[in-house]
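Remarks on the structure that follows.
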Amino acid sequence: MDAGIIASNLLNAPVLFFFLGMFAVWVGSDLSIPQPLPKFFSLYLLMAIGFKGGTELSKTGISDQLVWVLVFSLLLSFLFPVFLYPVLSRFFGRSDSAAIAASYGSVSAVTFITAVSLLQKLQIPYAGYLVAALAVMESPAIISGIVMSRKTSTNSGGLPLKELIREAVFNGSVLVLTGSLIIGMVTGTSGEADLAPFVQYLFKGILCLFLLDMGLVSASRIKASNTISLTLVMFALVIPLVQAIPGLGVAWLLNLSTGDAFLFTVLCAGASYIAVPAAMRLALPDANPGIYVTMALAITFPFNVIAGLPLYLYLVKLLTG
Amino acid sequence: MDAGIIASNLLNAPVLFFFLGMFAVWVGSDLSIPQPLPKFFSLYLLMAIGFKGGTELSKTGISDQLVWVLVFSLLLSFLFPVFLYPVLSRFFGRSDSAAIAASYGSVSAVTFITAVSLLQKLQIPYAGYLVAALAVMESPAIISGIVMSRKTSTNSGGLPLKELIREAVFNGSVLVLTGSLIIGMVTGTSGEADLAPFVQYLFKGILCLFLLDMGLVSASRIKASNTISLTLVMFALVIPLVQAIPGLGVAWLLNLSTGDAFLFTVLCAGASYIAVPAAMRLALPDANPGIYVTMALAITFPFNVIAGLPLYLYLVKLLTG
Amino acid sequence: MDAGIIASNLLNAPVLFFFLGMFAVWVGSDLSIPQPLPKFFSLYLLMAIGFKGGTELSKTGISDQLVWVLVFSLLLSFLFPVFLYPVLSRFFGRSDSAAIAASYGSVSAVTFITAVSLLQKLQIPYAGYLVAALAVMESPAIISGIVMSRKTSTNSGGLPLKELIREAVFNGSVLVLTGSLIIGMVTGTSGEADLAPFVQYLFKGILCLFLLDMGLVSASRIKASNTISLTLVMFALVIPLVQAIPGLGVAWLLNLSTGDAFLFTVLCAGASYIAVPAAMRLALPDANPGIYVTMALAITFPFNVIAGLPLYLYLVKLLTG
Amino acid sequence: MQKVKRFEIITPAAALKEIMRSFRERNITGYSVIQDVTGSGDRGWQSGDELSDISKNILIITTTEPGKEHELEETLRPILKRYGGVCMVTDALWLKH
Amino acid sequence: MQKVKRFEIITPAAALKEIMRSFRERNITGYSVIQDVTGSGDRGWQSGDELSDISKNILIITTTEPGKEHELEETLRPILKRYGGVCMVTDALWLKH
Amino acid sequence: MQKVKRFEIITPAAALKEIMRSFRERNITGYSVIQDVTGSGDRGWQSGDELSDISKNILIITTTEPGKEHELEETLRPILKRYGGVCMVTDALWLKH
């Protein structure tokens, strides 16, 4: 595996700020980034990446390849929980399994953005439209995860399916991302000229601050947790690797460029810790966030950011030659 | 009426984000922008627009025209409530009428800023100094509105007039706007060089985020409200149109350029939902914010941003054409 | 004393926003910048200045002069409380004296940043690495201040020394500053290219907003306080002047350039109102923040920003010829 | 002064909508909500620093006339069962104004 | 432990200054204020998401010695009349330290 | 419904860690914390607008079984002595769910 990629990833400012956050927790510092600042960072990042993707789409138009990428995105996000749930439910309760399955079927926007920043650093080109895949993959897993858990139980309770779908499709982060994408498409070059400085100049800096917070949050979760079992850690490390495989397969099938194939794989391998928990808290209130959020946020996310990204890029390079 | 202006206005990124916010409420999304973020956006916008206006003033100096604009701004803001109050008090209670009158006599900074962004998009020039009119028009209506309501009642209670004036003249948003204007004038070109990137690069982006929030807030107000009567809606649509007329008249009298005439008309037509409610809550605590804030924020503001701006611009062009 | 320096300092936008904040309190305005916005500004400023310093260090390398500056920084921060405590304890209680001594031995990041902005305005060059001295001087005074107070008392209680050191060395602001410095050094020119717009374009603007808040906070402290005694004011004015002297001495000894000597003197003369109180609240909970924070924040800080900076620069110019 | 039963409910923020609906059904129109309550209970410590707000609790204060508290209790019980949280009832005097 | 009367006042934020003044006049120096309370009452639902903060309530907690609660009640009554809100009084034991 | 003693503690935020530790020692696992409480007491007005958060108070609510309140009181007393603040104990009924 290419040492240069690993170094490029680890010496990237955002990843270093992530380590700084972890370090702060480790030494018992009082450093914290109080709400709603992290929410603001996340709002900004979603808006910026959505808008940038939209303006690019307005130039390139909607290609066949994009349509296929979106079709597979939808499919994979829907199917991941279908395969994960039966396995998970041997180790966890019904609701917990469904919540974990939904988290991993969905995506992690920040992992995606960190991946983009790695590509920029390595000067590997990528298509802005992959942001649309990010938007498409957020919700389906929520629905299929809950459907799986309901099939295996007669106990009704919880939200009716219709309200559930609304919750999944129109949750805040999906809406900001999709909305900004569409606004970017509609306003095109004139909008780009208007918002370019806002969307570009702050991007890396806000990402650094956000990852600093992610480091703080994920490390304190690990430190505080007394529910972290070996099973949980194992799943949190294995699932992303397993999910990366269909990602690589689809990328190869659709003949994506190195950068695009990498981003698509990262989408498959990521796990949601914002949109999915927000939906689960309503749909499956008895699922324990101490399990599914901890897995996605405190184990899978750091794993992906630190080791996963270089690994997936290495695999993609092997594949795309 | 010019279809190009309407399209330019509606396809402007900030206005589209306003629609996104309304859409989010309409579909029942959980999207929200928690305080104090909207406060931060508004603080930034007031500071940026004030400072920019100030640096322009430091270059052009204080012209006769500016003085006349300010004199008429003061006068109109003072007089609007005097004419509105008697009409309103046939339909609403004493305190409510006074609060509505004060809101419409005062101005809406965000409507003004959205109007500026429309001019920029259409590349119509305008004088930075009109920001001074914005600052001047915020407070007088508060005082005359309350004076009107006190004249018609023997019940004293509430703040003494002196404290009231202080509240009106030194409320936070007036102070930041006026302060930044003066700081811009004092620091001139050297200050401009220092702060230009901050004041310019972020402006459109922060305006988008702020209007996203405005869309959320105004739509949820409409959705939640059970006090929205037909009378209320009618007044909220008619008053801005009526107030635009003296605005156009003064603009014609003072021979303002197209851009300046447009901005002055927008100031007259806007209604305050930040400074005025803050003052009313102290001066007339028994006025119902469910009435006056709903009118200004949930009906007049969207009306102005969506339909009013292109209409006023059309009328101005007829007049100055 | 040079009138040009005084004017440059007073007509600098950040200082004018500080006055605006004070003015707002003075006229009883409701202007306020709610938390966590000021925290965000301070986080940004520390990150930006740390990162900028780090990228400069990555270019210049670690010189002998830098090492000497750091050694003296450490020493002075450690020694200041040792000399202050005996004097203070004649006028104040044991805990209060220790807390005051620690505050003045430590540094004020915002005073430093305002000083940097003055140098920029006057186009006087300075070495970015002095940020490292800022980082080094924050903590030692906390430890020596508390050690002083414990020596003079048999009453144990409070945190054990080990935990105390951790608190002092790893408090949030020290960590962000040092962390960003190291990240700047590690990522070097590539990191600089990534983050330059974020770190530079916003800097002055955020500083203005932060000083606006500082003006609000310090003025309301003065207004509200009924514990401000003459003794307290006197100490708050005299200590910075006294501490500036060893600062000037070291600068002369190490043959620092005008800009660097000025910044070093400012570090010595400043007093901490963020890191130190946070530590004191745990280590000496019976020390009255109404005394030590008021001195540092409401008297010494405005004094330094308004009168101290031009004075120290004047003295440095006399010295470095 | 009038005797009332004071209800204090602490529960995850996600339950707010449902509780407000149950208040509406019972014609309870007076209540207060404090956001941003953190806490510890059967589900462990809720730090409130999550990105998704899911670990935030709220505190709701409301009142009923004495004798009517049992109805409200029965309404709240299943909600608290699903979401977790506590409800405490105390005697209070209400300052009529 | 000492018996006290615990006052809990929920009212619009704008009333704080006046209430604090009335405390000062009665030499009440111990009280707590929780900002950012939302709620529902005679004036409908206060969402607290206004740009102007006007729809925010606060919760104030204070205590008096038993027997002295009536004075305080009379002081608060006109303020609550003007601004709206509620005041509840309960018996409590105070942990002297 | 079950009788409980309701504890309400208002104290500087810095005391939270220590109070949580004492809860842990007493096996008290249920409690709530409201951040951002401002207030006035022996140490004057705590505005909560400090840059360092030091002037923020918190409000902690917890419960014990009747009869066990005295132990908790004794645990809290020295903490409140060091940090300042108040603790009030009231009788309440707990809605079992």
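Per-chain residue numbering starts at 1, and chain names A, B, C, D, E and F are given in the order in which the chains are listed.
Convention: a contact is a pair of C-beta atoms (placed from the backbone, for glycine too) under 8 Å apart; a residue touches a chain by one contact, two chains touch by 3 or more.
Values in this document were obtained by computation on a predicted structure and should not be read as measured data.
With contact taken as defined at the outset, subunit B and subunit F are each touched by C, E. Separation of subunit C from subunit F in touch steps, taking the shortest path, is 1. Chain pair with the larger contact count among A-D and A-C is A-C, by C-beta pairs in contact. Remark: subunit C and subunit E have CA centroids separated by 39 Å (rounded to whole angstrom).
Subunit A and subunit E have Cα centroids lying 46 Å from one another. Counting only residues that touch two or more partner chains, subunit E has 34, 36, 90-91.
Within subunit C, residues 32, 35-36, 39, 201-202, 278 each touch two or more of the remaining chains. Here, these are the chain pairs in contact: A-B, A-C, A-D, B-C, B-E, C-F, D-E, D-F, E-F. Partner subunit B is touched in their complex by these residues of subunit A: 35-36, 39-40, 43-44, 47, 166-167, 170-172, 175-176, 179-180, 183, 186-187, 190-191, 194-195, 197-199, 201-202, 278. The part of subunit B that touches subunit A in the complex is made up of residues 11-13, 16-17, 20, 23-24, 27-37, 121, 197, 200-206, 208-209, 212.
Subunit E meets subunit D in the complex at residues 8, 10, 34, 36-42, 57, 59, 73, 76-78, 80-81, 86-91. For subunit C in complex with subunit F, the residues that touch the partner chain are 32, 35, 38-39, 42, 157, 217, 220, 224, 226-227, 273-275, 277-278, 280-282, 285-286, 288-290, 293, 297. By the touch rule above, subunit E contacts subunit B in their complex via residues 12, 14-15, 43-45, 47-55, 82-84.
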